[in-house]
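Quick heads-up: structures coming right below.
The two complexes that follow have subunit A in common; it is paired with subunit B in the first and with subunit C in the second.
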Partner chain A sequence: MLNKIKTNKVASIAILLVAAVVAVMLRERYLALILCFICINSIAVTGLDILFGYTGQVSFGHAGFYAIGAYTSTLLAKNFGLNPLFTIIIGMIVSMIFGIIVAFPAAKLVKHFLSLLTIAFGQMVFMFVSVTDKLTNGYSGILNIPDVSIFGYPIKSNQAYFFFLLIITGLVLLFKRNLINSRVGRAFIAIRENPHAANGIGINVRFYKIVAFAASAMLTGLAGALYAHLVGFISPDTFMATQSNLFMTMLLFGGIATFLGPVIGSAILVVVTELMQSLVSYQMLMYALFILAVLFYLPNGVVGIAKWAKEMLTTKRQGKSRVNTTEYHN
Partner chain B sequence: MVIQLIIGALMIGSVYGLVGLGYGLIYKASGLMSLAQGDMLMIGAFLGLTFYKHLQLPFIVALLLTMLIMFSLGMVIQRVLVTTLLKKGAATVYVILCTISISMVLQNVAMFAWGTNVMQFPPIFKKSVINILGYDLVPENLLALGVAITCMIALHFFMTKSKFGTSMRAAAQDPMAASALGINVPVTRGASWGIACMLAGGIGVVVGPIFGVYMSMGSMIGQKAFAGAVIGGYGNMYGAIVGGLFFGFVETFVSAYLTSNYKDFISFAILILVMIIMPTGLFKEQVME
Partner chain C sequence: MLTLQNITIKFGGLTAVNEVTAAIETGVIFGLIGPNGAGKTTLFNIISGVYAPTSGTVLFNDQNITGLPPYKINALGISRTYQNINLFSKMSVLENVMVGCHTQSDSGIFASVLRTKAQQIEENTIKRKSIEILEFMNLADKVNYTASNLSYGEQRRLEIARALASAPKMLLLDEPAAGMNGREKEELSETIRKINAKGITILLVEHDMKLVMNVTHQICVLNYGKKIAFGDPEQIQKDENVIAAYLGGGIDV
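Moving on to the complex of A and B:
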């Protein structure tokens, strides 16, 4: 009980600190944009987390879903003049449909072959959007994507868009928590731990893998659509394989299969990327070093460190030494 | 026209085949996957360029020196990074991630060392076109084809006839029994990563004059080679060659007769189709649990 109150205290202090930082950042247009990027990446990485963290299915092609969401929403909003709020939802659904299509073959494959299939998928989407000039305007990209408007009131400033994104991110995290705590989520975790045993206790492994892909693609597609309407410009460059690896880095760095891991990971990576804006050529090296650091020293990411610190504190008090930091999932 | 296309297809196909062969070797020896093969090719090309153009070494020396360096690089990656990671109990997916970050590091190293521009590899032969039986052929293409075929044949005899090759195959088949028979399994594993990188680096030197040498030259070749390896049956050396040639032909003829914009799109679509319909590949390798 005492512990619970203490954690609540720590949590509320953390929330207040974050809120204070956010409030300061919102005073400037550029800093507000960074906050928006953090939200968008959190959504996309949460999608990846459902697939990789909870279900144990790897994907190196999430940039593909990101692109599908972004291009669907953009094209519908621009060519048919539909309300962006509506097209974002369609982008999400189209991305989900592609997720299901990919999942049909992907649900049969393991490890290496799944990695390859997802890489191939990501490349196919990238190539499609870069060479189909008539539809997507090729490498030059699409300009002047309309802003989102709610009940006729357009969201123009980054600050306003941030609050819009904050609500969506909250909903996404809520969705993730409820999904993971439901029957479906428990099936995901069972599949991650041991697909054969999961099959043995009556879980339809193939079906749940497809569900995981669909949910994951849906969230990443949503993030892509939100990105397009935030920046107002999309080109194939954003959806290269590097983007998929970036999502992966964010997820691993934050900590996989955790509630806040994706948010923390994307916040850190986005901020570091922005800080290194002058050293763009070092960016990829930095991502690589982030991945290697996670792989070799902190397999559970930043959230793992936090948990470890907490455990250290509590075990010290109880005089036990049950600390296990290096624990890999699956 | 058709003859030139076939030669071109054979050339690019054998490049894919040779790089894909490396994937197969690594998979057979350690059950792992490296996604850095394409970047090994790129590093090899840059090293070859440096030796040949800046140090003025003869081409054959530059090629062999590059292969030696690449062999050591592959060995070091396996012995230092991959082994450490496996000792920590990481799943296969994490090893794949590790090789992805290695490939990013390699690309950055190449960028710092040689810059971002496309570098021209000086021509190896004096004539730019030679005439064989009335057909005009580019000698560099023939060289690439020749080197690829030589490497494949050499590897075949190395794996089947030499003692070390046989012990490599034994270690791949059953590590426990092999080590009981006195085979140094860690060394054979390291060697297979080394050979994979060596082949990729060596072929990088010979494709340098054809495509030009630049930072991201390896990524597409690496992925196509991978696709070829899957089509042939992942883990099967000969399958990787057949698969690589298949993609070489698909790519060349699709871009010649159908559409050049969508050639890579079509290649990957074929790959996905094969993975759906025939996941064990042409040579029936086990891919699913």
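Moving on to the complex of A and C:
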């Protein structure tokens, strides 16, 4: 009982702290923009987590889905004047369809072969948006992407957009948790743990691998579309292989196959990237350092440390109480 | 229940299983024995769909299941365990069995994401059923353990529990006693009989002769991929071909 109150206290203090930071950040346009980026990356990385963390299929080409979502939504909103709220959903669906197309060959591959295939996919999308001048305006990119509007009220400020993103991120996280704690989620994890046994126990491995790809591509496509309407400008530069690596770094650093890992990883990496703006040419080096840190010291990411610390604290407390009881008996 | 007709499988030049024909009746405990490399596990893999035979047919309840993928064969009612333990090692004991219920449930992706009423009811049923199976397999106190933290014998029992979760009509046990001590083996014989008493036909591959002779109703003996004997345990123990295969035949001078 006492423990429960204590953890509740810790949790509420943490939430209050985060809320205070958010409130301060929301007072300034630039800081609010960072909050928006954290939300968008959380959604994209959650998508990657479903694929890599839970189903065990690696992808170094998620920038491709990010680009498909962004360009689909942008082109439809700009060229046909459709409501961005509607085009974002279409962007999601188109990205999902591409996910299924990639999954058909990908579901047969594992490890480095799958890495190569996904890298190739990311590069293909990047090349496509770079060279199709007529459709995507090539390297110059697309300017003046319309704002999202809800019931006729356009969401113009970063602050308002943040609340819009907060709701979507919350829903995405909730849906992901539901999915993982279900028959489908168990099938995903079973495939990651032992594909042969999963097949033997009645799971159609190929089908669920494709489902995971579809869900993953859909979420990353959603993030891409949200990004386009936030920034108002997209160009191929945003969707280079670096972006795929950044998603992977966020996921690994936050903690794979965890509920909050993608959010924590996104928050830390976005903030660090913003702080290092002046050293932009060293960005890849910095991501490499993050990955090395994960490989050598944090196999389960930041969430892994938090869990470890919690375990240490509880065993320490239990240890103490055990000592106390022996003293009492003496 | 299960009929094998002239099953042959060749890996390159090696004929691992050669023209094996056998019929397993409903409700029996059927033993499959033979020296190392006789093709027992290969035959298991053919029945469970891991390999497609080079020639021959497998009939299950008069349905041709030759060459179907493993997940379809499992859905039809044939479940198996593995010689080298194949658990989902990072999942909990309960989750392992819950995964086993996959073919016995049908909530789709959308029902799962939205947590519909029907999906929640189904989840609760799966959980209850899994706990029942774990109680049956004497693992109820280990429900929340991670599978890899169980002892060897417990892991073997968990494999059987997971196989039972798919409500099989026929259970294939591939060397379930390997690595078990004497007491565990006795408990295993008891468990096999209890599973059989539920009306599940059992096909057992095992090297422990005491266990096989003790528990099976019929035995088929393989050597170098060929069937050399078939009968009840007493007949098999007296069969000259079998004795020759295990101990070496007389020397022809």
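Methods note: the second predicted complex is superposed on the first by the 309 of 330 C-alpha atoms of A that agree within 3 Å, B and C clash if a C-alpha of one lies under 4 Å from a C-alpha of the other, contacts with A are read in each partner's own complex, and residues count from 1 in each chain.
Operating definition for what follows: a residue touches a chain if its C-beta (ideal position, glycine included) is under 8 Å from a C-beta of that chain, and two chains touch if they have at least 3 such contacts.
All figures in this text were calculated on a predicted structure; none of them were measured in a lab.
Asks: Counting only touches as set out at the top, which of subunit B and subunit C does A:9 meet: first, second, both, neither?
Replies: neither
Asks: For A:29, is the partner it touches subunit B (first), subunit C (second), both, or none of the two (neither)?
Replies: neither
Asks: Between subunit B and subunit C, pick out the one touching the greater number of residues of subunit A.
Replies: B
Asks: Now for A:175: first (subunit B), second (subunit C), both, or neither, which partner does it touch?
Replies: After superposition on chain A, A:175 lies in contact with subunit C alone.
Asks: Let me test your reading of the model: by the given contact rule, A:193 touches which partner, first (subunit B), second (subunit C), both or neither?
Replies: A:193: touches subunit C, not subunit B.
Asks: Name the contact category of A:204: first (subunit B only), second (subunit C only), both, or neither.
Replies: Second partner only, subunit C.
Asks: Just subunit B (first), just subunit C (second), both, or neither: which does A:288 touch?
Replies: Only subunit B is touched by A:288; subunit C is not.
Asks: So in the superposed three-chain picture, is A:156 touching just subunit B, just subunit C, both, or none of them (first/second/both/neither)?
Replies: neither
Asks: Going by the contact rule set out at the top, does A:183 touch subunit B (first), subunit C (second), both, or neither?
Replies: second
Asks: Which subunit A residues are contacted by subunit C in one complex and by subunit B in the other?
Replies: In the superposed arrangement, which is not itself an observed complex, subunit A uses no residue for both subunit B and subunit C.
Asks: Give the list of subunit A residues in touch with subunit C in this complex.
Replies: Counting only subunit A, the residues touching subunit C are 175, 178-179, 182-187, 189-190, 193-194, 196-205, 211, 215.
Asks: Flag every residue of subunit B that touches subunit A in the complex, lowest number first.
Replies: So the residues of subunit B touching subunit A come out as 27, 33, 35, 84-85, 88-94, 96-98, 100-102, 104-105, 107-108, 111, 116, 219, 223, 226-227, 230, 234, 261-262, 264-265, 268-269, 271-272, 275-276, 279, 287-289.
Asks: Name, in rising order, each residue of subunit C that touches subunit A in their complex.
Replies: So the residues of subunit C in touch with subunit A come to 48, 50, 69-71, 74-75, 79-80, 82, 86-91, 95, 98-103, 105, 107-109, 112-115, 119, 122-123, 126, 162-163, 165-166.
Asks: Please name which positions on subunit A make contact with subunit B in the complex.
Replies: 58, 60, 104-105, 108-113, 115-117, 119-121, 123-124, 127-128, 131, 195, 241, 245, 248, 252, 281-282, 284-285, 287-289, 291-292, 295-296, 299, 326, 328-330
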